[in-house]
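What follows is a pair of complexes built around subunit A, which joins subunit B in one and subunit C in the other.
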Partner chain A sequence: MRVRVLIPLLVIVLYGVVPFALAGNNYVMSILVAALIIAGVALAWALLGNLGGMVSFGHAAFFGVGSYISAIVTMKLGVPVFAAMLLGGAGAAVAAVAVLPALRLSGPYFALAVLAYAHIFKILATEFTTITGGAGGILGIPTLPRVLGYDFGSKVGGYLVIVTIVLLFALVYARIRNSYYGYALRAMHDSEDATRVVGVHSTLLKALMLFLSAFMTGVVGAFNAHCINFLEPDYAFSSGWTMLPVVAAIFGGYRTLTGPLVGAVVVYTVDQLVFKSLIPSGHQIIFGVLLGVMILFAPDGLIPLLAKKLQWVRQPRGCRDPRTESVC
Partner chain B sequence: MTALILQSLYSGLLSGGSYALIALGLALVFGTMKIINLAHGEMVLLSAYMAYVMENRLAVNPLLATPLALVVACLIAVVVYFLVSRISRNRELNSLILTFGIGIILTNAALIIWSADIHSTSAPGFQEPVVLGPLYSMRSELGFFVASMVLVAALWWWLSRSWYGRAVRAVSSNRDAAKLMGINPHRTEVVSFVVAGILASVAGVAIYSTGVIQPALGASLTTKAFIITVLAGIGSIPGVLVGAVLIGVVEALTVTLYSSAIQELTGMALFLLVLFVLPNGLFGAARRRG
Partner chain C sequence: MIEISDLRAGYGSINILWDLSLAIPEGKLTCIIGPNGAGKTTLLRAVMGLVPVTQGRITLNGRALSGTKTWEMAQEGIVMIPEGRLIFRDMTVEENLIMGAFPKKQRKRTRANLERVYGLFPRLLERRTQVAGSLSGGESQMLAMGRGLMAEPKVILLDEPSLGLAPVIVQEIFTILGQLKAEGNTIVLVEQNTHMAVKVADQVHLMQTGRVILSQEADKVDLDQLHDLYFAR
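Moving on, here comes the complex of A and B:
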């Protein structure tokens, strides 16, 4: 099996080669860390989109809530950073409870309702000045700690943490997709009514996917907060945290596991290294172009397209339908 | 205090006029094509910038920008239609992402061309006060409110009396049946997009003439228009009017009673409330039973 070879190879490259090859180059390392942050959110977004069948334009809300909660509990309650990151994720999942009534809305309505939620959370963060510091933001958020003599606050340390987070999320995603729940969720794409008839609690499953996606996004947001040590509402809840993951997932192929990850790294790096210097203000125009081109010409994304071109993976029996994502 | 509240009710009513135009355009396109055009607010935004360009570069009255805004908005509308109609499968969600992308392109184009600065009109006569008993407004606010009501009335007439208007309604309610009755659904869809563009262009000029504009405005207008259509329930012009005025009034009241920072919050809180309590909208439930 190709996968059995690829995964250990990937792990060796990510943990063994990349940190040593790029250790001296802080600039590239910080771009890579930022790209992996986007990758984490993109994965969470794709999980909701692919398994839950819901397109969200409000993941910035979960990102922001996660980052704020983690920053506040470390600074005000003295919670250790790694525990606080989990709390940030849990907080984002709790925030997702507020989104639950939107679940009864179908596709486009859900997407826009979540967009409205993102606005609400941003305004709340700006207005609850006693807890969040308001528009002035929070300064001096603790960096990742030193564990067993290794300083995770360094660039390479941060990289190792975010790589681990993203890989763990990918593992969870893959597990769910291949479980009973994964099949149920996939069946819901074709006919939610029929799936309900055979005894699948579709609303509950969708809600669980929403919580999981929010949790993942919150953890990544929390990591980001401890990585840059500064938060303000306009930054933490910036629509960029929604837009970039959407672009990354659509570019890579949001129905695949690797698509959002590859998409995030490619899109973010190219944007930072090329377009940001070409068009300093408004370089995000390229994301819009990319979304349009992908939806019109390759709605499945890059990874399935490449796989088809290169015949990477032989199609196993019963997996002819591209939507059952036999690729990856 | 009563005077203040009365005044904010009045101001809210006036700003509801242009909100109604934007929301009606969004609802119209949703009706015929069953897609939500996330670039709708950006059509309004670019129309507003046309008014700004006319005033600041060519030094003419921003009202004269309306024809130019009309051309720009309709052009965008037709391009959006053309692109969306090329989507072959899973149109509901793919069109959402596509128009989201078009919105990003237009917002950033505005950012590149006009920078992130805030602009407002300084044309003579626009900000002069009009006094109606205890109520004050700018001349432009009142003028554009009247204009939008005329336009809404025209839209109502068009939808209920004219051939194309009725075709739009027919395609909205049952596309296949409409096709069998000899209506060309594609042409009807284009028409609905163009009408949405017309409404958006007037709304854009109105927003520039009565307030401030900046590139980020487009996305928030789309959200607001969407909230209004949810409040209204789909397919009801009076519903959209009431929803638009409601949002305008709630925003104005928040600014008066609390602060301008949470202006948008109350509109969204209202939206959540309706979502919880009346998922069919304020007017949708009654219509469905009937």
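Moving on, here comes the complex of A and C:
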């Protein structure tokens, strides 16, 4: 019931209220866009990390590949920007093929293997100077176009595009989670053998999840490239594109759908707008402390914490937490 | 009918099954008993394709099963209910059961099969929204069996269902096994509880160190003789 009220309300606020209320404030608007970019990657990361059970430290690779491909196909081949963004996503998914051998690993081994893979793409972008411009980067990447008389290249236009992308991702996430495949992915955390026995081609499913997550990250990376109109390897493949979304997702609660979204928006906007005004340099320290406290006292993240405090979801009887199971 | 001939299988360089041959007749309950380390579980895992077969053949109604992947077994009508249950602990009871209906053919009949399983195991109906990790041992076993039945199997491979359970629960589990057998399912039961197993079985095979050392009709089994062989080294 609540969800049915909340979702239309959220859509009205995001599309009807925010753009008009903040249209005059370019600074806040660009911070919001940056926060949503992180939210998009956080959601893609959580899709793999939560549903797929694979914690990746290499999403910067998909982000960078998506941004480079989109930038290059628009500038060299004249592909329209929105189509190029999809190509950027597809390119990131193709890049994920290189990660496939790591799928047989799990836990920290997978995370580290992907971290190593991520560097391959950064080096490629630096060394393939004829296509990528090397360490000098690419300047003058086209902005989002004017469609039907509306300029998506403006701050508000960019906001509308990224909000739409993030909402679509959330929809895809929710659809997958509630399908047989979503169940299968969750089941795989407990026992991969048992999921195979019930008829799940677990390796294929994990690979598809990886491709989807890479695609989503690539699209967001492409959006970012057209938003800031400039790319260079150190920026496009910066570990920040992995770390910020991971932090945001875990802070928000990566096992929930809303956690990565709320986490990203809260972490980024509060940090930039509140903490930065309190401590202009070194403001990240406050977030460091907050994150530490959060992980110690509410490891499930912000959203589950709020849900518990406000009793949004009634906990099923019995113990949810396997760690406290023995007392049941 | 499943026919296993000359089977060798194991884990890497450690071979467990030594040229094992066994016929599992259709519609019967075949019981495999034997001490720890005899290779009973490995045999089931080899049939399911979870353990690589290095020699020999496994056929289902005359057709080789070697090319069939583990995840295709449920489509073929073969379901394993693993030892230690291997239920999905973070998911609810009902979600666990729905997972059992993962094969495409079964998805449409999920509702009907859920009702059937809840009919067999009323306890699961009471606990349907509860997280599976919070179930007792007996309930977990019922859940594992229910999950297996959701795929409407023709062949059920059941690995030590009585392991670590209270006698009352064991009784209940075996009653249900009897029902499943009466419905005409082919059942392979791996057990260490010889008394209960022999009572419900049609065929009894005793395994030791990767070989079958005794095969008998269940009604001809002399438990004392069986136990002598069982504990012989």
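What we mean here is this: the second predicted complex is superposed on the first by the 292 of 328 C-alpha atoms of A that agree within 3 Å, B and C clash if a C-alpha of one lies under 4 Å from a C-alpha of the other, contacts with A are read in each partner's own complex, and residues count from 1 in each chain.
We take it that a contact is a pair of C-beta atoms (placed from the backbone, for glycine too) under 8 Å apart; a residue touches a chain by one contact, two chains touch by 3 or more.
Treat the numbers as computed from the prediction; the structure is a model and nothing was measured.
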item: Partner chain(s) touched by A:L10 [first = subunit B, second = subunit C, both, neither]; value: neither
item: Touching partner for A:R104 - first (subunit B), second (subunit C), both, neither; value: first
item: Subunit B versus subunit C as contact partner of A:S239, first or second or both or neither; value: first
item: Touched partner set for A:A23, first subunit B, second subunit C, both or neither; value: neither
item: Subunit B versus subunit C as contact partner of A:I123, first or second or both or neither; value: first
item: Which superposed partner A:D190 touches (first subunit B, second subunit C, both, neither); value: second
item: Most subunit A residues touched (candidates subunit B, subunit C); value: B
item: First, second, both or neither for A:L139, with subunit B first and subunit C second; value: neither
item: Partner chain(s) touched by A:V274 [first = subunit B, second = subunit C, both, neither]; value: neither
item: Contacts of A:Y180 with subunit B and subunit C, given as first, second, both or neither; value: second
item: Subunit C-contacting residues of subunit A that also contact subunit B; value: none
item: Interface residues, subunit B side, partner subunit A - complex; value: 35-36, 38, 83, 86-90, 92-94, 96-98, 100-106, 108-109, 111-112, 115-116, 219-220, 223, 226-227, 230, 261-262, 264-265, 268-269, 271-272, 275-276, 279
item: In the complex with subunit C, residue positions of subunit A that touch it; value: 180, 183-184, 186-187, 189-191, 193-202, 316-320, 322, 325, 328
item: Residue ranges of subunit A touching subunit B (in the complex, touch as defined); value: 55, 57, 98, 101-102, 104-105, 107-109, 111-113, 115-117, 119-120, 123-124, 126-127, 239, 243, 246, 250, 279, 281-285, 287-292, 295-296, 299
item: Of all residues in subunit C, those that touch subunit A in their complex; value: 48, 50, 69-75, 79-80, 82, 86-92, 95-96, 98-100, 102-103, 107, 127, 129-131, 133-134, 147, 151
